[in-house]
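Chains here go by letter, A, B and C, matching the order in which they are written, and residues are numbered from 1 within each.
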Amino acid sequence: MVKEERRIYYLFSPFLRIFHWIMAVSILVMFVSGLLITKPVYINALEPTYTLFLVDVTRSVHFLAAFVFCASLILRVYGYIINRGDRLFPRVLEGHFYSETVDVALHYMLLKKSHAPFLRNPLARMSYAGLYVMAAIEIVTGFAMYNMADPNTIGGFLFGWVNTVLGGEYMTHVVHHYCAWGIMLFVIGHIYMAIRADFMEGEGEISSMFNGTKLLEHEPKDACEVEPPKTK
Amino acid sequence: MEKRETMLESYLRRGLSRRTFIKGCVALTTMMGLSTDMVSKVVEAAEKKPLPVVIWLHGHECTGCDESFIRSGAPLASDLVLTNIALEYDHLLSAGSGEPFEHHLEETVKKYWGQYILAVEGAVSTTDNGTFCMSGGKPFVETLQRVAKGAAAIIAYGTCATDGGIQGAKPNPTGSAGIKHYTGTKPIINVPGCPPIPEVMTGVVMHVALFGKIPPLDSEGRPKQFYGNRIHDTCYRRPFFDAGMFADSYDDEGAKKGWCLYKLGCRGPETYNSCGNLRWYQGMSYPIQSGAACIGCSNAHFWDEGPMFARLPEYGPLGDIDKIGAGLAVATAAGVAVHAAASVVQKQQRDKDKENGKEQVGNK
Amino acid sequence: MKHVVVDPVTRIEGHLRVEMQVDEASGKVTDSISSGTAWRGLELILHDRDPRDAWAYIQRICGVCTTAHALACVRAVEDALGIKIPKNGNYIRNIMAASLTVQDHIVHFYHLHALDWVSPVAALSANPEATANLQNAVLKTYKLPFSGPAGTVTEAFRKEVPRATPSYFKGIQDKVKAIVESGQLGIFSAQWWDHPDYNLLPPEVHLMAVAHYVEMLDKQRELVTPHVVFGGKNPHPHYVVGGMPCSISMDDGNSPINTARLDIVDRAVNLARTLVNEYYLPDLLAIGHIYVQKGMTDGGGLAKERVMAFGQFPLETTSTTQDGTFFKNLLIRSNGVVENFGQGVMKAKFTEITGDDLKNPEVFGEAVTHAWYEYEGKDGDAQPRHPWEGQTKAKYTGPKVGTPTDWKELNEKGKYSWLKTPLWHMKMCEVGPLAHYIIIYTKAKQGLLPDMTWAEKMMVDQIEAVSKVLGLAPEVWLPTMVGRTAARALDCQLNAEVEKFFFDKLIENIKSGDTQVASMDKWDPSTWPKRAVGVGLYEAPRGGLSHWITIENGKISNYQCVVPTTWNACPRDDKAGHGAYELAMMDTKVKIADKPLEIVKVIRSFDPCMACATHLFNEKGEKINVVTTDPYGGMHVDA
């Protein structure tokens, strides 16, 4: 084996990292509890006021996870403000972004042996943008359903329009549910790609979500977006 | 015949005091957006003002809304149409027909221009210049537009009038839609339902008759007092939902015990209506109480949100979205596994190349 | 000769236009047109939807005979899938059907029809005291004391009897006076109140009838509480394929049906019997008697020549209808056609309708020579087609005088209605309660009804009792405008008893321990055949109704309805002649051509339901697979 020289890049603030793991847990919780709300499993309940496993407990868990998710999103936004490394939007305004995306995609399609080094590769950035869109849809539709228990409240005022725009609350349910599956498909892909990147490049993809740093052998193309690296 | 009963006379005849009448006028002033020093003028005008005039037009409909209207328990239909309002034009109850009746419509529109309430039942059909719905030898859409111009307010009765209803369901062969697209900027009170609850229908008219103004409306133009809650949130079976006690099919043990119908596709969780609190026939029942899942008949597009007996839409052989979602997840996982295997091969190849000194990274 | 148009005809369901040529000298109507003027396309909308949902969609054809189309629909689906519904489900459906008929007939007579006979303006000159006396006399003379099999009596005394005091009638009169003097006539606006026909009745009859108009406006709602209890609401109660959704349990406080709920139904049944016997029948016979005495026995038209019905009330359910077992299991076996009843009951000819008949191209066909459709192929419009070869291609031709969006006169020589013309053996038929009664009476008198059921016996007794009151033979008074309206009242009395009969059966069956209301073993589409066809029959308040369904791969591939009003209101056929509405108009004398009160009266004696009857085509005028709301138009099962 050739001894590799690697440089340490500091990328992710604690805010992003904390948010990431809270988000991971709450998405999982919301997905499972959401499925249980749509299709409650049969529980041999004896009477409505005393049962071991209540649908309204499932709902409370779902709502709790949703509030935790939204609260931690605020941390994520704070990280975005203070730390350049947290800014993960795809650089769609820059021409080279597209050629780089093609480059990475060709590698992932196994048509190229490797792709150019990135701190955050453009395809991943795009998928994160997709995730954030889906998360936004889930938040908006979720609060629309949650708050319309009383349309006269501020919550009802802020989110009630969603039902009108979608053509009715039934569609809100449907969109919320479909989008949840979309997020699940992202999760599978995301976990795999992270593990694979660690395996293929050894750049500390997974550990970066704990310590905030990545180890790169070559100068990444987006190095200018973060603080200069330290040598190991 | 030409003598018109004034609003004051009408109040007195109904045993209400002049004081009440003045109060009504104050409310009326506010409704018309006038300042309070105009009250005396309004009183003066109202002393010459007759009963609220209602013109009821029929488009593409089934007359179920008319029928629901006369099922009202309070106010009773007779009290409403003989004492509280003057129902001058209605295809179901009006005595007249033919040319004299159409003439009476035109006269009423002229005489009470800007004052009458227009109630509309049924959707507007516009395909082929509206010739799918002709009445009086003319397309309904023309009559609607003409009469709407002079209305003080418009009531859209039933989901057909609010959103097109059954004939507006896919593929909507007659090009039917709700009336709101054809009535300009006139204020519309939307009273959806298929049909709406009788006391909700009469309640809207009574609100105008009693309070002299249209009831408070939500963002979709529905009276808040009748459409402010979801059926699910007001359903007497809600405790069974919370406890996870469900009917799994019609007439099973759960159905007999009156448990929640959520699993039978009940649309209560998505439907805003008074079924849970007012109920039908003054508290006698509503579909859920009679064991039938709600079909969400006050929702704008409920006819195209089927199948009605399932919680979510169904597609093809797999059925609902959860099966399709699980299928996609499995397919993705399988794809991942294949890709992983290929990646391992690629990595070994790359490592071999590296050892052979043919180091090459990316485009460099 | 004067051309008279009435459009819209009000106090009906939907949009109807009639036109006629009146000879002003003799008052004779020499030609007439009946035109359905709106089309909604519900069967097209049903295409590709789940058959288990179909009842909800198709029920919205009509909100007046609400439940009728839902019932025919679930029966069609159950026939296609071979589902046998439980006894309780059948009894409950029959109770709902009968309570619909009672309520529908009462609303029709008092609120849709009465103002053609009586006038609130004429009521003003009545003496309240004389009216009270008249009320007592009417109740004494015109009650018909018939009832069904004696069941459990649950009512101590009749509660809703007419009030016969001068002060009561004075109160009503004062109210009417206030309305008339206010100048805001409201619902009483724009009628031909000065028409001489309103002078046929004395002012006291007018006042009594107006009082009952108002009473029934408030009471009719209580007649349909069985729909609210069993189906959750009315109009448009809920059903379920396989039975009823309202589970029965005497062990659970939260069950949809328990004793307290059944007591609501019991109360409605008692009320129905009271209102029919104390108000409807006496009022109708009193008015009808005066009309007949004054020689008003016109307006019969097609009823004298040919009437048709499908039969009513399955006693127990069977899993199939299309093989004819439905007909063998009826409380009222009126399935068939009676011709020439006008010539006397013994000269009339009865022909039975069997399950095979419905599918036979030689028995049923439909013509479009005067409907806004065209047939392609070598025969063109000339040849009526059986639905299996049927085609629905729109051909809107507009009116004879006027523009397509502003009609003056429709074209009687060309096309003029959205209704097709259904034919039985190439002939026109009238349907409705009158047909129902003529058929049962003819069958009974000709000895074609062995082992008569109590209901059939009651129908014959009713006709004979009325004949005695009127002093006329059935073949004289039945096929007339008055007879058509009277038959509806008799049907109402019969249906109130049918309600009681099936309510007692329901109680008996629950007592025996059977609480099942729905059979769900064929709910899952995996238990269905790849392709199935079904038919659902129901003798609706306006006559014989049938729905036809084709299910393929779990979805509806073809749906169509055979609707009573299409039989009655259809346009003419060049070979078969005029339909029931047109013939009835031509069999009616018009006193003042500008005020054709007699015409709207005879039209309303049919209880028109236009939304049920109008046809279907697609907007480009292309052939569509799911077709027609008319009889047999969409019976073809090729998709």
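In the analysis below, contacts are C-beta pairs under 8 Å (C-beta built on N, C-alpha and C of every residue); 3 or more make two chains touch, one makes a residue touch a chain.
Treat the numbers as computed from the prediction; the structure is a model and nothing was measured.
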Chain pair whose interface holds the most contacting C-beta pairs: B-C
Innermost chain, where centres are averages of C-alpha coordinates: B
Computed distance of Cα centres, subunit C from subunit A, in Å: 62
Intercentroid distance (Cα basis), subunit C paired with subunit B, Å: 29
Centroid spacing, where centroids are CA-atom means, of subunit A and subunit B in whole angstrom: 38
Where subunit C touches two or more other chains, by residue: none
Footprint of subunit B on subunit A - complex, ascending: 1-2, 35, 38-43, 45, 47-49, 51, 53-56, 59, 103, 108, 110, 113-117, 148-152, 160-161, 164, 167-174, 177-178, 181, 184-185, 188-189, 192, 196, 199-200, 217-218
Parts of subunit C lying in touch with subunit B, wherever the complex brings them together: 5-15, 17, 37-42, 44-45, 49-50, 52-53, 56-57, 60-64, 66, 107, 111-112, 115, 175, 178-192, 214, 217-218, 220-221, 224-225, 228-240, 242-249, 251-257, 264, 396, 399, 402, 404-408, 515-518, 520, 523, 596, 600, 611, 616, 618-619
Parts of subunit B lying in touch with subunit C, wherever the complex brings them together: 1-5, 13, 50-51, 53, 58, 60-68, 70-73, 76-78, 81-83, 85-104, 108, 125, 127-140, 142, 165-167, 169-176, 194-195, 197-198, 237, 249-252, 255-259, 280-281, 284-293, 295, 297, 303, 306-309
Of subunit B, residues touching subunit A in the complex: 218-220, 224, 228-230, 233, 239-246, 248, 262-263, 267, 269-272, 296, 299-302, 305, 311-313, 321-322, 324-325, 328-329, 332-333, 336, 339-340, 342-344, 346-347, 349-350, 353-355, 360-364
